[in-house]
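What follows is one structure encoded as structure tokens, with my remarks underneath.
Which chain is which? They are A, B, C and D, in the order written, and residues in each are numbered from 1.
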Amino acid sequence: MARKTYREAINQALDQEMARDDRVILIGEDIAGGTGASGAQDAWGGVMGVTKGLIGKYGPERVLDTPISELALVGAGAGAAATGLRPVVELMFNDFLGVCLDQLMNQAAKFRYMFGGRVRAPLVVRTQYGAGLRAAAQHSQTLYSIFAHIPGLKVAVPSNPYDAKGLLMSAIRDDDPVIFMEHKAMYDDIGEVPDEAYTVPFGEGRVLQEGKDVTVIAIGRMLQTAEKAIQAARADGIRCSLVDPRTISPLDEGLILEMAAETGRVVIVDEANPRCGVAADIASLICEQAFGDLQAPVVKVTAPHTPVPFAPVLEDAYLPSAERIAAAIKQVRAY
Amino acid sequence: MARKTYREAINQALDQEMARDDRVILIGEDIAGGTGASGAQDAWGGVMGVTKGLIGKYGPERVLDTPISELALVGAGAGAAATGLRPVVELMFNDFLGVCLDQLMNQAAKFRYMFGGRVRAPLVVRTQYGAGLRAAAQHSQTLYSIFAHIPGLKVAVPSNPYDAKGLLMSAIRDDDPVIFMEHKAMYDDIGEVPDEAYTVPFGEGRVLQEGKDVTVIAIGRMLQTAEKAIQAARADGIRCSLVDPRTISPLDEGLILEMAAETGRVVIVDEANPRCGVAADIASLICEQAFGDLQAPVVKVTAPHTPVPFAPVLEDAYLPSAERIAAAIKQVRAY
Amino acid sequence: MSRRDNQLRQAFWKMTAIRRFEERVHLENEKGSIPGFIHLYAGQEACAVGVCMELGERDYIASTHRGHGHAIAKGCDITAMMHELHAKQGGICAGKAGSMHMADLTVGMMGANGIVGAGNPLVCGAALTAKTRKTGGVAVSFMGDGASNQAATLESFNLAVVWKLPVIFVVEDNGYAEATPSSWSIGGGDLIKRAEGFGMPGFSADGFDYFAVNEAAGKAVARARNGDGPSLLYLTCTRYYGHFEGDAATYRARGEVEELMEKRDCLSAFKSRVLAGGMMSADELAGIEAEVADLIDTSVRSAVADVEPDVSRLTTDVYATY
Amino acid sequence: MSRRDNQLRQAFWKMTAIRRFEERVHLENEKGSIPGFIHLYAGQEACAVGVCMELGERDYIASTHRGHGHAIAKGCDITAMMHELHAKQGGICAGKAGSMHMADLTVGMMGANGIVGAGNPLVCGAALTAKTRKTGGVAVSFMGDGASNQAATLESFNLAVVWKLPVIFVVEDNGYAEATPSSWSIGGGDLIKRAEGFGMPGFSADGFDYFAVNEAAGKAVARARNGDGPSLLYLTCTRYYGHFEGDAATYRARGEVEELMEKRDCLSAFKSRVLAGGMMSADELAGIEAEVADLIDTSVRSAVADVEPDVSRLTTDVYATY
């Protein structure tokens, strides 16, 4: 099996799906770059280079650069999806959902329901989220809880290169609108990624490790931080399970409840803001459905209820740290 | 004390604040109506007649009709707030947040934090939410959980005419951006509302009744439905407390935890969609902070994870009913 | 019968159907048998029909909150629409849409829309499909004068031009957006100029006159089909009812509607013109009117007789795959 | 010294300060002492300064992701800005903003902005304050060519016209939005015409030429102050660095920047003009250059010496009142 970066995994998923199905098209700002310019074409391949090389293979009819017009282009994606294409729209940063939410929330997400089940909207919106790159308040948010709140959207949050490829392939083949969340600090992460096409199904979480004492559930990039914390806890003799939901809508409720029940002690780690976030969502699920099995409060480790600060010292404190997670693990263990 | 409708209470709050402080201005689509027309002026007073009469008193310089341009006008509100006015912007339906979220989420909400505490943005956005009027998927949503997720915003959800007036007065005097949620099916509700100015503070919930068996926490219009359910439960000998958080950001955590601890059995009622909603938020708070006092799972009664359907028979099933709430009360009592 | 004669028959049939449909919906809503927020299209029939007579099966339209007329003009099933408004299982969207979200993609109707301006990005997508798949189709967005000031609309203008999409943006200026006159809300007051400012041509036509609309629409559609990109079609018209059912429309000058009804009714104008020109006979027109009246009657009876959606449908159709 | 001489001194001081500031930020970023996403303004100095020289204390500006130049031109404290970029407690926003959100409302700078186009609604608000409170102030939104296609921008154009706000929309067309040329992304290619399509006049000027910009800005500002409403100011210019620090800018033709730097540098042009016209002496210019160089040096030393914000500040300033 080949080793690839998260970036390469995503690029390959796009490439293979475009090769397989000519209804798959890409839309986004500078996803090629240089369109109409006198210098190099495909000059960017997206701000993070994720779509690099695809315009060369599939041409400008299937890899569409755009003006800075997220509302129109996400809406165009929705309209194209309802009429026969399978568009993958890149929303450069999830923070820009503020300018295009309507086309996701009130249009794409609701088509099928409003129209009585008589339409499909196979739209994928790829977008970057997350803090850690000193990109400050408007380029560092983690907004998937908002997407998960909206019925009709599916939300994938791949935590590693393997899942990134497999979940994206599932997303493109899915007949519903999917928000595909890529963590901006993970593009250079490396992992085993098969060259051949494969899918990772939606709504199926994954257990990364099993331990009898505490169940840790983490989202996206927080899996990495949680792993460090679990390592540290092991030094104190605490054995943890680690669960990656992989998609937060649909959510693998069965797995989460089962893993929560096994230890009766749960820590949930999420880098989003806490109020009405997915950590609260999962915690409330467990407290309602696995209450009888709980031995301790379900503890959430999240960002604080603040915007993302610029200064590194503040941003580092903003993000859930391995120390905070380890402390939470100890706390629920000792309860 | 005079009896007034929810609509009149809001109108009076606006009127009294405009009289008190000439920096308070109103902005919105047809909040007067007929601007520039050959027929009657102040023809609408807003789609629900809430702002009727104010242009007559305060003139078109302080009551501004607008083109259909929510993004620009919410942003204008934010810009005006940062430069010395205290604008109250009407977003006709909260469903339209999809076209103006950026100016709330990335601008108004973040000014103070991004700018190191060196600016105030005393913006109020009044908006309608809620199902029940057969207004279908794009005019019936309950989206306050999205607002509550965003640090920097405050969110008030008045459940009766008294609170509507008092919370709106607080909102207008508050130096932070406030989203003020009015339930579209409550405008004709009548209650005791003093004629004189008064404020209801943010972050202070209210206990409507006390009972030793089960604590019911409900939001906005759901207080009414919860009251019916509590009445029904009383027939079965179950005594409930009923708590109205009144503002969901800030949230009166102290009161909620105290009331949860008193009975150890909690039902949360919210008409929003369940995933990452405020019901989950409150449930997770209780499960984390009052775990030791809990005698039963915290049960949420919410809308399902679906858009709001048009057909009355479906919409009625969509909304949490007194029966479903009563069943939840019995369930947690019997646990 | 020649194609043109057939076209005229169809156009008259559709315009009449829209008018009768709306009049009936008005009554049924007053009676309480149609719930929800209803915006009636009566008065503007020449716009929807004048444009849609230039469209075929491969073409798409997106509509507005005032969508019944566009739906009928594009070929949605009238009985199914009536069932929808009555919130019945047999509705065109199984009772989940109501007035503001009616759609039937199989006939190219992408939906009425509760969000002003939101159809404009959507037609860019439908046009992109047509362009990419080389179907020869075009996509039309109907919108009101008020929508012409909405962010989504304006951004779509630019995108359609830059991508050279086969789109026609149709603005029906009925004088008002709710209670706000278009003469006040449209900066500069000239949407043709606005379109040109985005690099696309604008065509204007008298929206009370089916023939004028149809001719202008023909140009815009031909242009789009030809691969020459988007254009804007600006139509002046009026609505006969309030903004929504329940609006007393006091912002309109006294007698304004009555005068327009009398002097500028698009159905009357159509009839005079075809009769004067000998294009259709009075009998033909009366025949169509009777047929339509009958259809509307039948549709209401059928809708009333239909069952409500089963409560289990509340949670279906959120996703295509679960 | 006459007011005009003083104006010229100030203009040269500011343009030079921006250039030296950006060059230094470039270096410090390369060294790793300035974190984050940095977009440099070098090359466009005549635009920010040409406009801001027409503004006073009661006037507001909103800026973009490329905001350092506008901030300096409007009078933000350069040392505090340098501290901000170094993420220090003494930063203009206490280290919470960084490059993309720098603001100082006390000097009328409403903020750099990470969201393209987002400043346009905000200046409508500042202008509304000016109009309502009768301050006589105007509000200016700086934006790039790319921003001129953004929904927020276009909707604001209309709102400003309808409300007749004292706003100036300044488009700095530096040829590119990221890697996308403005010649491709702006439908119709003519923003003056686009402005006119919304009912406001457009003024254009050579953005490489301080004097041209300043003159055109004077007209637009006078118009706004006079109560005649908004206008658009279209300036052509170029940026010397990549879109952001790290962009190799391969989408530009080889030698494009170098040629513009050599032939069209706004600072060189300014110097030649004032020297040729006898408006300033070479000594004066050199004096200012030395003063500025010193200031930038000092600001960096001061920034480096400053402390990082205390971690407790993470949770402050979310609200004004808790």
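The working rule: a contact is a pair of C-beta atoms (placed from the backbone, for glycine too) under 8 Å apart; a residue touches a chain by one contact, two chains touch by 3 or more.
Note that the structure is a prediction, hence the values are computed from the model and not measured.
K.L.:
Centre-to-centre on C-alpha atoms, which chain is most distant from chain B?
P.N.:
The most remote chain is D.
K.L.:
Between chain B and chain C, what is the separation of their C-alpha centroids in Å?
P.N.:
Between these chains, centre-to-centre, one finds 35 Å.
K.L.:
Quick check: how many Å separate the C-alpha centres of chain B and chain D?
P.N.:
Each chain reduced to its C-alpha mean, chain B and chain D end up 39 Å apart.
K.L.:
Using mean C-alpha positions as chain centres, tell me how far chain A is from chain B in Å, no decimals.
P.N.:
30
K.L.:
Could you list the positions in chain C whose residues touch two or more of the other chains?
P.N.:
91, 95-97, 101, 113-115, 149-152, 155, 158-159, 162, 184-187, 318
K.L.:
Among the residues of chain A, pick out those that touch two or more other chains and give their numbers.
P.N.:
Answer for chain A, listing residues that touch two or more other chains: 67, 69, 71-72, 95-96, 98-99, 102-103, 106, 110, 113-114, 136-138, 151-152, 304-307, 309.
K.L.:
Are the chains arranged, by touching, as a line, ring, star, complete graph, or other?
P.N.:
It is complete, because no pair of chains fails to touch.
K.L.:
Hey, which residues of chain D end up touching chain A in the complex?
P.N.:
35-37, 84, 87-88, 91, 93, 95-101, 113-117, 146-147, 149-152, 176-181, 183-187, 249-254, 256, 308-309, 311, 313-315, 318
K.L.:
Hey, which residues of chain C end up touching chain A in the complex?
P.N.:
The touching residues are 60, 62, 91-97, 101, 103-106, 110-111, 113-115, 118, 120-126, 128-133, 139, 151-152, 155-156, 158-159, 162-163, 316-322.
K.L.:
So in the complex, the part of chain B that touches chain A is made up of which residues?
P.N.:
Residue list for chain B touching chain A: 71, 95-99, 101-106, 109-110, 113-114, 136-138, 145-146, 148-152, 249, 251, 272-273, 275-281, 283-289, 291-292, 294, 296-300, 304-307, 309.
K.L.:
Give the list of chain A residues in touch with chain C in this complex.
P.N.:
Touch list, chain A to chain C: 23, 25, 61-62, 64, 66-67, 69, 71-85, 87, 102-103, 106-107, 110-120, 151-152, 154, 174-176, 250.
K.L.:
Show me the residue ranges of chain C that touch chain D in the complex, using the header's touch definition.
P.N.:
Contact set of chain C toward chain D: 149-152, 154-155, 157-162, 184-190, 193-200.
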